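A, B, C and D label the chains in the order they appear, each numbered from 1.
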Amino acid sequence: MAERIDVSIEHRGAPDQPAGKRHPNTCPACGSHYREDELRASAWVCRHCGHHFAMRARDRISWLADPGSFTEAALDVRSADPLNFFDLRAYTDRIAEAEMATGLGDAIVIGSAQVDARACELAVMDFSFIGGSMGSAVGEKFARACDAAAEKGVPLISIPSSGGARMQEGILSLMQMPKTVVAIEELHAAGSALITVITNPTTGGVVASLAMLGDITVAEPGSLMSFAGPRVVSNITKEKLPEDFGRAESNFRLGHLDAVLPRAELRPYLAKVLRLFHGQ
Amino acid sequence: MASDDELRIRDRLGKLGNLPLLRGVAVSGELKRLQKQLKRLEQEPAPAGDDIWLSVELARHQERPYTLDYVERLMDDWTELHGDRARADDPAIVAGIGRFHGRTVALIGHQKGRDVAERVHRNFGMAHPEGYRKAMRVMELADRFGFPVITLIDTPGAYPGLAAEQHGQGGMIARCQAQMARLRVPTAACVIGEGGSGGAVAFAIADRVYMQEHAIYSVISPEGCAQILWRDGAEARKAAAAMKPDARHCLELGVIDGIVDEPRGGAQLNWDEAAFSLGETLRRGLADVESLGPEERRAARRAKFRSMGVTA
Amino acid sequence: MAERIDVSIEHRGAPDQPAGKRHPNTCPACGSHYREDELRASAWVCRHCGHHFAMRARDRISWLADPGSFTEAALDVRSADPLNFFDLRAYTDRIAEAEMATGLGDAIVIGSAQVDARACELAVMDFSFIGGSMGSAVGEKFARACDAAAEKGVPLISIPSSGGARMQEGILSLMQMPKTVVAIEELHAAGSALITVITNPTTGGVVASLAMLGDITVAEPGSLMSFAGPRVVSNITKEKLPEDFGRAESNFRLGHLDAVLPRAELRPYLAKVLRLFHGQ
Amino acid sequence: MASDDELRIRDRLGKLGNLPLLRGVAVSGELKRLQKQLKRLEQEPAPAGDDIWLSVELARHQERPYTLDYVERLMDDWTELHGDRARADDPAIVAGIGRFHGRTVALIGHQKGRDVAERVHRNFGMAHPEGYRKAMRVMELADRFGFPVITLIDTPGAYPGLAAEQHGQGGMIARCQAQMARLRVPTAACVIGEGGSGGAVAFAIADRVYMQEHAIYSVISPEGCAQILWRDGAEARKAAAAMKPDARHCLELGVIDGIVDEPRGGAQLNWDEAAFSLGETLRRGLADVESLGPEERRAARRAKFRSMGVTA
């Protein structure tokens, strides 16, 4: 039997973690080390080589939204455990631990904001919460962000980062794909735009649903975006994959992205796009 | 609009599964179906480890009827349509039009191969983006002519090859779901074997979604789940028991609208009987939503999927 | 400057005409020779090797339509000469000669018919009229066939055969592309189906308009169907083209056709499809 | 609806060209434009051999402004969109959104290269099917958001390569025309250089179609026509004189709705002036059809193309 593709968490899609523990503030590309405040000041971009570190959801929002403009929504939505799932550990334990470690309710933060004085909704994922995997809570919150944008007639800026589906929620995690898709359909029916910023990594079920339906879709440099992760694909093809397999640059070349934008250019780009969609 | 009886039964169905599953779903004339499902949930015990694993094995049984076996038994004047009008005709997906209970419908399904050569040709039912694009073309045609759309789901998953990724596998699956969410015609889907992750869900955004009794529907294969969570692919039985990909649990979780009976021992033992049962369910499923207007039907379909999931 | 592609008549797309005159009733594939009545009896298919000879439009219609069911329309529509076009000869002379030689008003015959007792409209092209080229008369008649099918709520069966645009009508021949396209849009808006049967050869502007917009599109075996003809393409690529470049079999493999049907299977296939589209 | 004055002038325009060209076309507030075109047809002599050949040369002039040169001068907040979401981003076609006279529009055009490297990169403005698919994606987006669509046409023709044929060049051009015929938003097109055959007409199904004074629009290049009809590519001047691909003749034949003045001597001599003139025409063209409802506008667009051609 041939190998299967899954939309579940693919840890292999996570940022490179070579053997030995590297401090999260050490640049994996050039080895430069930064203090937390230095990284924050540079929007988590390595000043030496330009490597884009992952950004936490709340950091991303503080950096992107006009100061004081963000109002978080659906703070109370939490993952349930409908299957009483237990592998080597209980799913409820994994959730509790992730909540403790990240200070987040689940792998997404949503709410309303202004960017360069234009109103929008934000839906920003956080890879540090169980690999940014999409379970019912992520699906529900993303869908509510669509609802809010549709209701207010403003664009939704979506910033995915995900290893795939939350397999501990079984088939219900798979159903978050159509759930987010129909929410986007309703958003579009209401005349609002979806602007998507792919960040590293975005793989699995999120790619086959909410991440690839943007009216405009851009990515940060070097971001991995693929449905199947590179290791699954190389196991299938039995070949060495192209160096830049699934990276933003090759996805741009292959017609899947409107632009690859260094973080420094992202805010003015989004401000411009908001002006264009607000003008109507 | 739902009758009081329907709402009451849906409520009980929801409570049984402890789920907010049926919120906002317009229904019509499906009282009997709901009563039957309720009875099933109340009277039959939920399957556990061994029963679930039996379904995993039967769903993958190499004598199980495939999409074209059902087409042969259920459709008149079948006319298979080929090609994505861009670069390929993907044999892992079959699409066409034919007459079903006296009216023209479109049917789209994954197609596995029976012998080794055909299995390779059909790529084990694992589609490339070109296959989903072919499906979308036929859905568009069906919608334009008012042909109801039937989908049969039977795939280990979308093909994870290099070209498939380069040609936008993820985006195509997303757009295929979006297109099904946009259709104005009645739609019915059934998982007839393996409902494997994104490759399966691409065809599952229907007004009525069914599973055959021994079909499975899951976010990841039991082997894949075991590999990641147990770090041992051989723990697939444990993974299956934990993920509950069987029809009974999918019904309980509100993910499907009903279960299609199989011949005793599995569909592989009597293709004609399996086809008859599938055909009756699909016919009734389409009839359930036929009387709704296109907008209402589409809104109900979207509301159903919008409501799926459980949060605390 | 790179070579250009044109939608004009491409004589290179015509059925093979090797050096030396071959009698039209001699099979180009195996050399078998037939009397006219023999060819008619076999629907112009070589009994020896299966080669499909070109069929004249009226022969095609007699063969396809139920006996006595065909009523020709727009018999009076003729090409005009809006540019007073003169190359080595006057366009008006070319038209007059074609009319004499073929007994047709232009390169298409349209009308209403029944096929296996189902009503439909027919639009059948004839390559022997100036290479089946599409000028204003062909465009107008095809569009009227669409109008008639839309009005009666029946499918249109279109059987193209064309070397491309009628360049002696200049830009107006190019405009027959959008003209036929908008006629098909109106046909579709009225809920009628377009069923297209590609015959050898179908190239140039007809491929980039009426020939490729069928709801169902099938082809006869071996038919050439390409926008640019093989010689233009091989001049561009500087390579030997695949043996079956542009042939029905490769177009099927590449996703552009629903089926390749030997002439013997065509009538029952069309009858079946008419039943399916009439059933609504 | 057309005023009596408009109908009278349209009638005279038609008679001048001896054509049934304006039948069934709904018009609105374009009296001034028609009067100007009428004056042009009455007062300026029709160009013959040398004048036509001058336009052929100017249309291909390597200093002539290209699509992105006009974008730079006419659009604010220009945002180029890339990729067909399937397999490529075709640099021979530029597509994006931006602000034009205060409102968001989509703009799509062929793009030639200025120096040798860019010419190769842009494939001399000859698009692959993937380029037309990118254009269709942006048209769909524009239609959904109510952005008017502007197309700028400047291509020797669609690329006649092996892969282009294999990926359905003809079908894609046909579907691109069909999509333009379906758009609900106002649309305006202008040939800004070479309007070469099917590759050009793919973008030309607009409410208002213009040509710059020295642009050409033709079914085949003069060289190609000469090769086939005179059996000598060197007879291109004769072929051009016979085919009459110049703007004045296209207007007379009812194929375009107006001519955009160029700076004296040609657009290549003053890009800013050429851009200003083009921008004013496009703005007026979109305004002409703005007040129509989407259905009426689309019906008028279709009726215009349905009426093109001359039969005896």
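As a convention for this text, a residue touches a chain if its C-beta (ideal position, glycine included) is under 8 Å from a C-beta of that chain, and two chains touch if they have at least 3 such contacts.
Remember, predicted model here, so these are calculated numbers, not experimental data.
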{"item": "Where chain A and chain D overlap in contact partners, by chain label", "value": "B"}
{"item": "Chain pair showing more contacts of the two, B-C and C-D", "value": "C-D"}
{"item": "Chain whose average C-alpha position is farthest from chain A's own", "value": "C"}
{"item": "Distance from chain C to chain A - Cα centre to Cα centre, in angstrom", "value": "52"}
{"item": "Centre-of-Cα separation between chain D and chain B, whole angstrom", "value": "47"}
{"item": "Centre-of-Cα separation between chain C and chain B, whole angstrom", "value": "41"}
{"item": "Rounded Å distance, chain C centre to chain D centre (Cα mean)", "value": "28"}
{"item": "Shared-contact residues (touching 2 or more other chains) in chain C", "value": "212, 254-256"}
{"item": "Set of chain B residues in contact with two or more other chains", "value": "85-87, 166-168, 171"}
{"item": "Arrangement of touching chains [line / ring / star / complete / other]", "value": "other"}
{"item": "Touching pairs among all chains present in the structure", "value": "A-B, A-D, B-C, B-D, C-D"}
{"item": "Chain A to chain D touching residues, read off their complex", "value": "188, 191, 193, 212, 215-216, 252-259, 269, 272-273, 275-277, 279-280"}
{"item": "Of all residues in chain D, those that touch chain C in their complex", "value": "18-19, 123-124, 126, 156-162, 164-171, 173-175, 177-178, 181-182, 196-199, 201-202, 204-205, 217-221, 223-225, 228-230, 238-239, 242-245, 249-250, 253, 255, 301-302, 305-306, 308-312"}
{"item": "Residues on chain C engaged by chain D in the complex (per definition of touch)", "value": "1-9, 11, 77-80, 82-83, 85-88, 135-137, 139-140, 143, 165, 167-179, 181-186, 204-205, 207-213, 225-228, 232-233, 236-237, 239, 241-242, 245-246, 250, 254-256"}
{"item": "List of chain D residues in touch with chain A within their complex", "value": "77, 79-89, 97-99, 102-104, 130, 134, 141, 144-147"}
{"item": "Residues on chain D engaged by chain B in the complex (per definition of touch)", "value": "85-87, 129, 133, 166-168, 171-172"}
